[in-house]
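Next, two complexes with subunit A in common: one pairs it with subunit B, the other with subunit C.
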Partner chain A sequence: MKPPEPTSPRQVYQGPLIFLGLIIVLPLLARGQYAYLLPLAQIGGLYAILVTGLTLLMGFTGQVSLGHAGFYGFGAYVAALAATSWGMPLAGAVVLALIAGALLALMTGFMVLRLKGNLLALATLCLGIILGELFNKSKITGGAAGLFDLPRIDFWGWPGKSALAKVYLVWAVVWIVVVLALRLTMSPAGRAIQAIHFDEEAAAALGVPVFALKLKIFVLAGFLAALAGVLYAFVYTPAYLGPEEFSLMLSVMLVTMVVLGGMGSIWGGLIGALVTTGLHEVITLAGEKIGFTQITRFEQLFFGALLVGMLVFCPKGLVPSIARLGLRRWRRRT
Partner chain B sequence: MQEYAAILCVKGIMIGSIYALISLGFNVIYRTTGVLNLAQGEFVMWGGVMAGWAHGIMGWPLGGAILTGVIGTVLVGLVVDQVAIRPARGSAPVVQIIITVGISIVLRSMAALIWGTEPYHLPPIQGGGVHFLGVFLEYQSLWLLGVVAVCMTALALFFMYARLGRAMRACAENAEASRLCGVSPDRMSAMAFGLSALLAGLGGVLLTPILSMSFDRGTMLGLKGFSAAILGGLGHPIGGVFSGLFLGVLEQFSVWYSSVYKETLALSIVVLVLLFRPRGLFTR
Partner chain C sequence: MISVMSEGDSFLEVQQVARHFGGQRALNEVSFRIPDDSLTAIIGPNGAGKTTLFNLIAGALSPTRGHVRFRGRQIASPNQACAAGIARTFQNVRLFGGLTVLDNVMVGMGGGGLMSGLLGLQSAREQERLRRKKAIYLLDNVGIAHLASHPAGEIPFGQQRLVELTRAMATEPKLLLLDEPAAGLNATETAALGRIVRQIHQQGVAVLLVEHDMSLVMNLAERILVLEHGRLIADGDPGRIQADPQVRAAYLGSEET
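Now for the complex of A and B:
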């Protein structure tokens, strides 16, 4: 890994502005027969938030979480329970869920981040499965049946039931998250966490508070996961929350998205999330068209093989590799 | 009450011996290549499902079905090593772990696509059973226990004394140095995956008559097996075996309290052990 290049001010503003433009324009194109893409864009946005947190954790700090779906589900369930069983107002439920997500990450991170490499991966994997089991089997969470009659996030009638408005709501949050994440990676603290990835001992010797920084990023990733969970419970779902979404498979999918994006670039992770969500839809549609009933199995096979293939043959990530290839062609031509 | 406890104990040891077998396989790979193979449970599932398919659908005799299951699993292990583990030899341990997670997903969905989602059954090697201390013991469970005991002893001797076993251990210690001494890490890695898949296949074939086997059983079995390996201390096969038995019994007794949190309990113990005693319960 190379030490990061300094960024020019033009680059700093260019990306987010183009991104904002795309967010505003692209959903407008999804009309008529393409309207089914809008819910897809919503869930893609949620994954983008999750992946941004995970990219900061995996790509920049070099710490793995194989249980991220657990944190995502935790946020969703705390929000849903607060709003229904505990009778809190919506805003209170949202704030509580975000705080709870960060706190859970703080507690678990404080314990597991002492572990390195392999063992950290195992511990987070276990945590994710434990959380998934609790969502699935606990009486409090409604078990496999789930929770019903959740309130909707609503600013005086907006986004209401409009799928387009929901896309804007979700992607507005994505935009803020991405811009803040980019700022973070360019700040001194961001440089310090990359130093941890590069060489933990050297970073510590240069005065980087290694454990504290790792923990902060872990908490940030947990917070972002809870944020995505809140949006899942209060915006994306039709007022219902079940445990299927927060499986081990999703944790692996999220890691796949980060790996696709090249593990170390916020934009790459974003593209990884979108490509993966898109592929999911393409495979499902293709399965419906040819009447193949086992399509979910095939899809899992595909994504499992994609993950293995990427890590084995293209560990730098698909997005950066293609980008580099394109850049080389373009340079040759000019 | 006492009788109930005895039944739980026996059942726990029986399930635990499967965990022990899986943790053995886990340790074989870990001690040779340093890879934590989270796809170990899927090997067990493939063994059981292939044997069940050979017997139930193809109508082959039991012996042939068992052979099919075991040999098939060994082949799967070798293919996994060739395709996914060998090319990624140099990558970080964490990357390798994620690769094995990917492999387990591939193996699981592939099994569902090839053999369907219905559970497969096998008749026991030997029907009936004996009464022992007021508990009915199926012969099949005794077979299972016997196989685990034999495998454990054989492996311990193999890694201690056999030239090949020592060569395999040397690879985990220092791949470069062992290559200089004429031991090929690639070949040893293939050996480890084959051997470990053999153990898993045996486990699957012996477990199927007791619990039946379907494509989605492997993941949890694998997790329990690796829990046992962690509890016993990574790289300490004998500790892993005893932790497997312990985990099996513990799990059965937890059912007394509530059957819902069986998996949660096992995994919570793993997390606690990882945090407070990462070298395992049975090592000094």
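Now for the complex of A and C:
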């Protein structure tokens, strides 16, 4: 009998190292006429952080969240308000926003995670709508006008106003988040959350603390969303924070990214985030060309159709399906 | 290896337990005790309340009346049941289909909070290595270690049953609940299963078995409880149960000749 070998250290470190190389090299290529891609890479990085949390929650633990943009916005607004209206120093505002994001997830998760399937989706959807309305209508958040004069994250002049440096800052955070998430998925806790996804009752009978673990992952996803929000407020935006980014549309887009990436893969989610961010840009341009007066409507149409199409024709996700196809061809050739 | 219980024969105590679903009585005033070294079978026609009784013992359901005590403690949830030393299998095999056979077994070994998972601590890695070794050993015991790296949902049904049994054993139970473990198995597989169950019992684990395969039950069990319409109608050794006219009328007579 030959027992299966655990994943070797080389396999474990290979992916993150290649990923780090790509993070360092690829932004350098975006020069001259391609420099417009740098801001896109920044927002793509924020979505990668959001999607990593959502992949852990949806893909691994099997708990749907349709209100994730709300947590993202919550992090951004708490950070922005703390740094402006409440007069906190930048570092304090960052820490407060991260804790607030995790706490909001803890409180809401405690209430909604007892629900299952469609009911959970509906509850998180409502949560996203409530938070969106709060950002849009509340006096505290500055309503539709938003908040101005936000401080910038700055380490002795870095990243300053350089779009390239901002890309590096955001993607350094993405790298850390991805590596930690990969570790989690390969740990006993990762095994337990997947067991919950497959069969809650059987997992509980084996001693897996089902509700506590679901709640912890929900809190982790909320924390990561707040982290993305902080970077949005203090790095990505030109010192201004408005409610338009944290729409229901973004929550749907985030779910599309997770599904596109194949639900159960951190790398897949990452690719899903990048592909969707790119698609979003193309769609906006295409929408203008076709003559859609309201771009948002066109986006909704497109991403709604994409999500339904994916679930019907490619339920295991685009990334795993393409990977399988590639593997089959490669095997045939060798 | 048989542990001596200070509680004597109150290892598992089911006392005047009733469970209703809406207006329907699935179990009614059922009482029995099981000592810590027993291999007991529960039989009865379909709908007699056998699985409901299992779910009550495993903490998946709570009784409408009466109580279930395991080693002197009341069991209120599946987590509590597992921590107290009760493990179970399900009537329809319920593996984590997309996980490997090895991972299925290792879920039963717990371990690792979220933080140690995130940080990948050295001590946690060492514990994980020991868990893996033990899981392979347990799978080898039932002859399926070669399937360890296969997705559990893709192996033959008979072997899935063995994975589920091994997964339950990975929690190091003191009482093992087997819900129709031979359902869907052929004669050879059933015979092998019988040997494995006996082996588990010899290791000092009490076994409570719900089963329709009468030859397996008569062959394995030291004691048989018979349920009919949610009531316990007989309790005794296989010889006595086979001779019991009430049991013959209710169950054996109608299904077995």
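Basically, the second predicted complex is superposed on the first by the 314 of 334 C-alpha atoms of A that agree within 3 Å, B and C clash if a C-alpha of one lies under 4 Å from a C-alpha of the other, contacts with A are read in each partner's own complex, and residues count from 1 in each chain.
Following the convention adopted for this analysis, contacts are C-beta pairs under 8 Å (C-beta built on N, C-alpha and C of every residue); 3 or more make two chains touch, one makes a residue touch a chain.
Keep in mind that this is a model prediction, so the values were computed, not measured.
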Quiz item: Are subunit B and subunit C a fit on subunit A, or do they clash, once the structures share the same frame?
Solution: fit
Quiz item: Where does A:A41 make contact in the superposed view: on subunit B (first), on subunit C (second), on both, or on neither?
Solution: neither
Practice problem: Could you look at A:L220 and tell me whether it touches subunit B, subunit C, both or neither (first, second, both, neither)? | Solution: second
Practice problem: Mind working out whether A:A305 is in touch with subunit B, subunit C, both or neither, as first, second, both or neither? | Solution: first
Quiz item: Of the two partner chains, subunit B (first) and subunit C (second), which one does A:L66 touch, if any: first, second, both, or neither?
Solution: first
Practice problem: In the overlay, answer first, second, both or neither for which of subunit B and subunit C A:A100 touches. | Solution: neither
Self-check item: Superposed model, subunit A: greater residue contact from subunit B or subunit C
Solution: B
Practice problem: Figure out whether A:L54 sits in contact with subunit B (first) or subunit C (second), or with both, or with neither. | Solution: neither
Quiz item: Now for A:A123: first (subunit B), second (subunit C), both, or neither, which partner does it touch?
Solution: first
Quiz item: With the C-alpha centre of subunit A at the apex, what angle separates the C-alpha centres of subunit B and subunit C, reported to the nearest 10°?
Solution: 80
Practice problem: Go through the superposed model and pick first if A:L134 touches only subunit B, second if only subunit C, both, or neither. | Solution: first
Self-check item: subunit B and subunit C, minimum CA distance [Å, superposed model]
Solution: 13
Quiz prompt | subunit A to subunit B touching residues, read off their complex | solution = 64, 66, 111-112, 114-115, 117-123, 125-127, 129-130, 133-134, 137-138, 248-249, 252, 255-256, 259, 294, 297-301, 303-305, 307-308, 311-313, 315
Quiz item: Within the complex, which stretch of subunit B touches subunit A?
Solution: 36, 38, 84, 87-88, 91-95, 97-99, 101-106, 108-110, 112-113, 219, 223, 226, 230, 260-261, 263-264, 267-268, 270-271, 274-275, 278
Exercise. Could you pull out which subunit A residues touch subunit C in their complex?
Key: 1-4, 6, 180, 183-184, 187-192, 194-195, 198-199, 201-210, 213, 216-217, 220, 264
Quiz prompt | Of subunit C, residues touching subunit A in the complex | solution = 58, 60, 77-79, 81-83, 87-88, 90, 94-100, 102-103, 106-114, 116-120, 124, 128-129, 131-133, 136, 140, 145-146, 148-149, 167-168, 170-171
